[in-house]
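In what comes next, chain A is part of two complexes: it sits with chain B in the first one and with chain C in the second one.
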Partner chain A sequence: MSATETDAPVAATRGKGPAPAGEPVGAARSERVSALVQRHGAPAVLVVVSVVASFSFDSFATGDNIANMATSSAFLAIVALGMTFVIITGGIDLSVGSLFALGGVLAAWGSRHGTPVALLLPLVVCGTVGVVNGLLVARSRLAPFIVTLAAMLGARGLMLALTDEGADTYLIGKGSFLAELGQGSTLGLGNPVWITLALFAAGAVVLRRTRFGQHVYAVGGNEDAAALMGAPVARTKVLVYALSGVLAGLAGALNAAWLASGVTILGNGMELEAIAAVVIGGTLLTGGLGYVSGALVGVLLLKVIQNVINQIGSLDSSYQQVVSGAFLAVVVVAQTWLGRRRQLM
Partner chain B sequence: MAPPAEVLAVRGLSKTFPGVRALDGVDLTLHAGEVHALIGENGAGKSTLIKLLTGVHRPDAGDIVFQGRGVSFATPLEAQKAGISTIYQEVNLIPLLSVARNLFLGREPRNRLGLLDFARMHREAEETLGAYGVRVDVRRPLRSLGVGAQQMVALARAVASEARIVIMDEPTSSLEPREVETLFSVIRRLRDEGIAVVYVSHRLDELYAVCDTVTVLRDGRRVHHGRLAELDRLSLVSTMLGRELGEVRREGLTKFTGDRHATDGRPVLEATDLTVPHQVHGVSVSVRPGEVVGLGGLLGSGRTETAKAISGALARSSGSVVVAGVPLRAGSTPAAIRAGVSLLPEDRKSEGIVPGLSVRENIALAVLPRLSRFGLVSETRVDSIVDTFVERLRIKASSPHQKVGELSGGNQQKVLLARWLAMNPKVLLLDEPTRGIDVGAKAEVQKLVDELAADGLGVLLISSDPEELIEGSDRVVVLKDGAVVGELTGDEVTEDELMRTIAGHAPDRDAVREAATDG
Partner chain C sequence: MAEATLKAVPPDRTRVLQWLQAYGVYAGVALLMAVNIVVTPHFLTAENFRTQAVQVAPVIIVALGMALVIGTEGVDLSVGAVMALAASVTALYLGYGLLPALLVVAVFAAGTGLANGALVAFVGVQPIVATLALMVGGRGLALVLLPQLEDLRNPALASLGSGDVLGVPYLILIAAALALLVAFVVRRTTFGRQLLAIGDSRPAAQLAGLPVRRVLIVVYVACALLAAVAGVLATARLQASDPTSLGNLMELSAITAVVVGGTPLTGGRVNIAGTVAGAVLIQLLTATLIKHDLPPSWTQIAQAMVIVCAVYAARGRGKR
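Up next is the complex of A and B:
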């Protein structure tokens, strides 16, 4: 994805014509540096952590380990992709963890009726939940936090009802197209990884190069102004929550295909992980500024850190969450600080 | 030659909001190529009329006939698509988006694949803005531009979208003088192209400079309409205020008495060699009790920053501030307030009032610590202070418990003033105390400033309105680029002298006059 828009630290060709009211040169430079760090901080940290890890642990930079990390990142990344759109509009979607689990169970249940049903069912159901979220947020002007919290509880309840409180486990038959989609690999990388990359490429194009993408930024940047400028605010909101729901359902379905069954205990806290990844990647939690690529980097960073802690071995894996949490705190503090420097907040 | 076509005909438009009849049977006719001034005090119904025309609100009664057809816009988007564009007083764009994307939002050029064509967008954005004298990198976020340049982007956006009518709601309130000139040339170009312009402004100079016709609203009704040239300034003001012509003439356009105040005694405020990096360079200013000292200069000359440095809101890097003999610590607002310095900030909304709190709570906010004992507030003492100031400042509210956000701009300003007066200050720093409030309230605030000085308060007055600055001040200290370039005392306190000083004796007097009127 190109970085030529909006945040590229290009030199201003000012000075001619009515000069905009006083912004000292120093401030412009510090603004550019802050923008640079905000945009490229996470990728830089990812590179540093990966390089250090590959020198420290022989088993880190092996093909197997990388392929494993990539596959396990893929599902969270798809969820984070949808979350990026929601957060750029200034919203939040807490229902994605539940929708992920629901999507998995629906896919496994539907696989008895063939792959098309197995794939479409989770997309339709989770997409519908997303549309309802969006309508409640956009039309009824309810807080996204509350609306999607309700959807999170509701979707998990629905999933438990389908599985008789988790007692029934639906399996996905070996050799089906769905199983191949989840478990097979192409050119050394698992199919879910390729699907994820394709989705991110499409997501980047949609966000940067379509009118809908412009509206997503506009709604998050200044909702009232966007409405006065004629942007379809309500429709944009409904669409981002719908997209988030669909992607969560798809991620769940692919994950079920990978595991060959719909596992009911999955997806707990996944919404928070996705939010963390999006924010680490440089998207502003207050909306109006963000990148699809940032979400991908954020997910990879979380997964690499988890992997490194696993490599250390002597550390209890519970410490993964401690480190992830601490890392998120550092990133949020840095973001806020940079944001204040840039006077975004 | 046939008379220009009628673009808009509004008949008997009415709108009632809970408790208020905002608009009552108003008519308005616009012809192609007409620049129409829409004026009235705050609350007269101007904004309501605009909102009805642009689909933000829907009328209770009346018809809007646009280009021969009855219309009823459900959203601003519909109005825009039909050809009615609006530029709002406060820039309504997306600060984080790039300049080009703001300009083209909703009508971005697309390539064959239906994707946005950024190369074309940037090229066209540069061309469009160039015509408005704005030369910036259009890929930068909008918020990196000055407010004036942002307003020009909003203007370019409104005009570019095939509009038949362009409504401008106080478009110059944040423009630099040169940008005002650009705006006027754009308006003249629109007129020549047969586009009708509705121009809302409190600045009479501007109205007479660009407008052909005028509609005056008062209390939701149309009280006058016709050609502007046939209505002189005093008649215009008196129509707007509903006051007798003689009264306006007798009292002048501002409410200052014009009397010089007694100015003996030791200065109550002495600021010496104030320096704030990049903003204020060695400014010295002193104010004696009972004296109103004006701080003149153009936008960005360091007036606001000087006031902020005195009040501690900006940390000074060197220099001293002494209030009634007590030196103040740099960058500490509490210390300044304790010493008796109160600052009425320029931006009422973001730095002053708490809109969701009541009049009473807003007034009592700063003085609370003094009214409390062991952390408990004496309600009766709060009530008595609030009552005193509501009465003294003639604050119009349904009760002290009305939310400040519901009051008019002028009354909000008075509430703020009351908050600081309740602190019993020795020095009052007033930064643009009458900006954006209607003529009637303006006069009241000006009268108050006079009264306060007469009571022995030292006042530092910042105003972009030269008339206000000259008539209100006993002395004027003139700033330019963050430094003092002159001081007007006694007979020198005139608009001419002010402009000469700001210009630094530059030969081009006309440009300077414009500059000073708008800066």
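Up next is the complex of A and C:
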């Protein structure tokens, strides 16, 4: 997440509008400020909220609390990582919440046949659902939102069918490698946190430094232009939906390992949380512009707000939803405003 | 690309496809009816029809508003949250009598719709995100106002939920009246024409001098008000206000009904009769599977299939 990272998306948005020939210095500076706010607004808010919270509540900045927050953020963060790719292509994936639950149940079910099965099964099944999503979106040209909506229903149905309508809960045996992966910790942080960080690092490299990553931006920036340039539009789309499915399945499997069981009621509304996190982090829903690190910041921000509201204690936990919703609204308004300013220039 | 494939198929198939797009949902309803009459015992009883109709009425009412929003090339994810909000506000203000409570509900719903509409029309946020914010926040607000299920004892509310005229429950009458009203608005009024014009092409509508922003705001307010009506009716039927679960996934049911009913997601066209039929189709499908002791998981998988098939059939209609 260095300064070089900002170059590509800014260039991508510039390509959308008319070329700013000989723009005045003031406009350039103003544009830079807009870009800065869009890119660093969420991290700044995160820092401010965290600092205020650690001064207000003694228990906020303790090692335990931070480790807890990190672990509970990890699963949503993995889902949001896949969502980032999908949203940058201008799509949306509503099936991730169901795939998260399905992945968890499959991992717990598979754990009786050994860890390799427990880890591979959710990835393969959820990845397949993702590929089907991608094919329907890319080849049949159906609206992503309706395709993945159907997948959301279908995947949840499949999960319920596997668990005798949610009555069976498969357990993950203690001491297995899978359980260790979910529950163990290294250097004071839970293993899921390290896995998440590794995935985000890999995601950032893929998005910035590989041909596939550039195709993702190109498809989201202007699909027709990308196709004319020779970018494999359909293949890129199929891949991002497959990636989103695989990551949702993996997050579900890790979560099941953490909880030591495949809980069937999880993942409801998770797709919306993930979308909210991605948008808060500065990725545009119109596609073509986005950051992997933004998703991480968005997730942390949502979780810190949740934690603060829990710390206040007297406030009902439903306030968290009100705050998250209001925050999301403020962020999109700000984003749209900044985006429009940039287009005008 | 779509045109190339269209040319390749023989004209007969195109005609079949067109017929399916226009009448597929009615054919589906008829087919399910026929299958049920043969295989389901006690299907052809007044009591059964009454139950099915009462269950589907709130979905129809929400779907009507959703059809209007989708007609403007938008989508409203906050309808379920508005239903929950309506339920908790009803519970809070029922002490002052039913009518004042309904007025407060209308104010809250209109406020939500106004916020959605303003975000879409003035700020220019995509509908899916704008209404997502209200969906998260609205449900939270409903739970803040009323943290858990509360039983309601109000004779007026009870009669609204379970009363009937000549054996036809109020719920069905209200849903039918609203469907006729919305169909009239879409087909016969200037507002309806403007709505469709905006859905077809917002820039063109703007250039033609239509009051784009005002129409959009009215559409989102109308959608929220219809969702609130559905929320109040569902609360009246339950005799309890349940902001935790009322209206959960309702946005999906409503969108499904609209899409299955032949309204393209690309806007510019609204099919109200199809929307009602779409809601009935999903309800019949669910009821059929449940009556034959198939588990809910099958229902969801079947519903997913129906959505994909409907959207697949409707493909290409958007690009005339």
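FYI, the second predicted complex is superposed on the first by the 325 of 345 C-alpha atoms of A that agree within 3 Å, B and C clash if a C-alpha of one lies under 4 Å from a C-alpha of the other, contacts with A are read in each partner's own complex, and residues count from 1 in each chain.
Here is the rule we use: a contact is a pair of C-beta atoms (placed from the backbone, for glycine too) under 8 Å apart; a residue touches a chain by one contact, two chains touch by 3 or more.
Treat the numbers as computed from the prediction; the structure is a model and nothing was measured.
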Should A:142 be classified as contacting the first partner (chain B), the second (chain C), both, or neither?
second
Who does A:288 touch here: chain B (first), chain C (second), both, or neither?
first
First, second, both or neither for A:205, with chain B first and chain C second
first
After lining up the shared chain so the two structures overlap, which partner does A:224 touch, if you call chain B first and chain C second: first, second, both or neither?
first
Just checking: does A:86 make contact with chain B only, chain C only, both, or neither of them? Give me first, second, both or neither.
neither
Is A:214 contacted by the first partner chain B, the second partner chain C, both or neither?
first
Just checking: does A:251 make contact with chain B only, chain C only, both, or neither of them? Give me first, second, both or neither.
neither
Contacts from chain A onto chain C in the complex sit at residues 92, 136, 140-143, 145-147, 149-154, 156-161, 165, 272, 275-276, 279, 285-286, 316, 318-326, 328-329, 332-333, 336-337, 340
Touch list for chain B against partner chain A, complex:
75-77, 80-81, 86, 88, 92-98, 101-102, 105-106, 108, 110, 114-116, 118, 133-137, 139-141, 143-149, 152, 157, 176, 178-179, 182, 278, 299-300
How about chain C: which of its residues touch chain A in the complex?
2, 75, 115, 119, 123-126, 128-130, 132-144, 147, 252, 255-256, 259, 265, 295-301, 303-305, 307-308, 311-312, 315
Help me check something: in the complex, which residues belonging to chain A touch chain B?
4-8, 10-24, 26, 28, 31, 205, 208-211, 214-215, 217-218, 220-222, 224-232, 288-289, 343-344
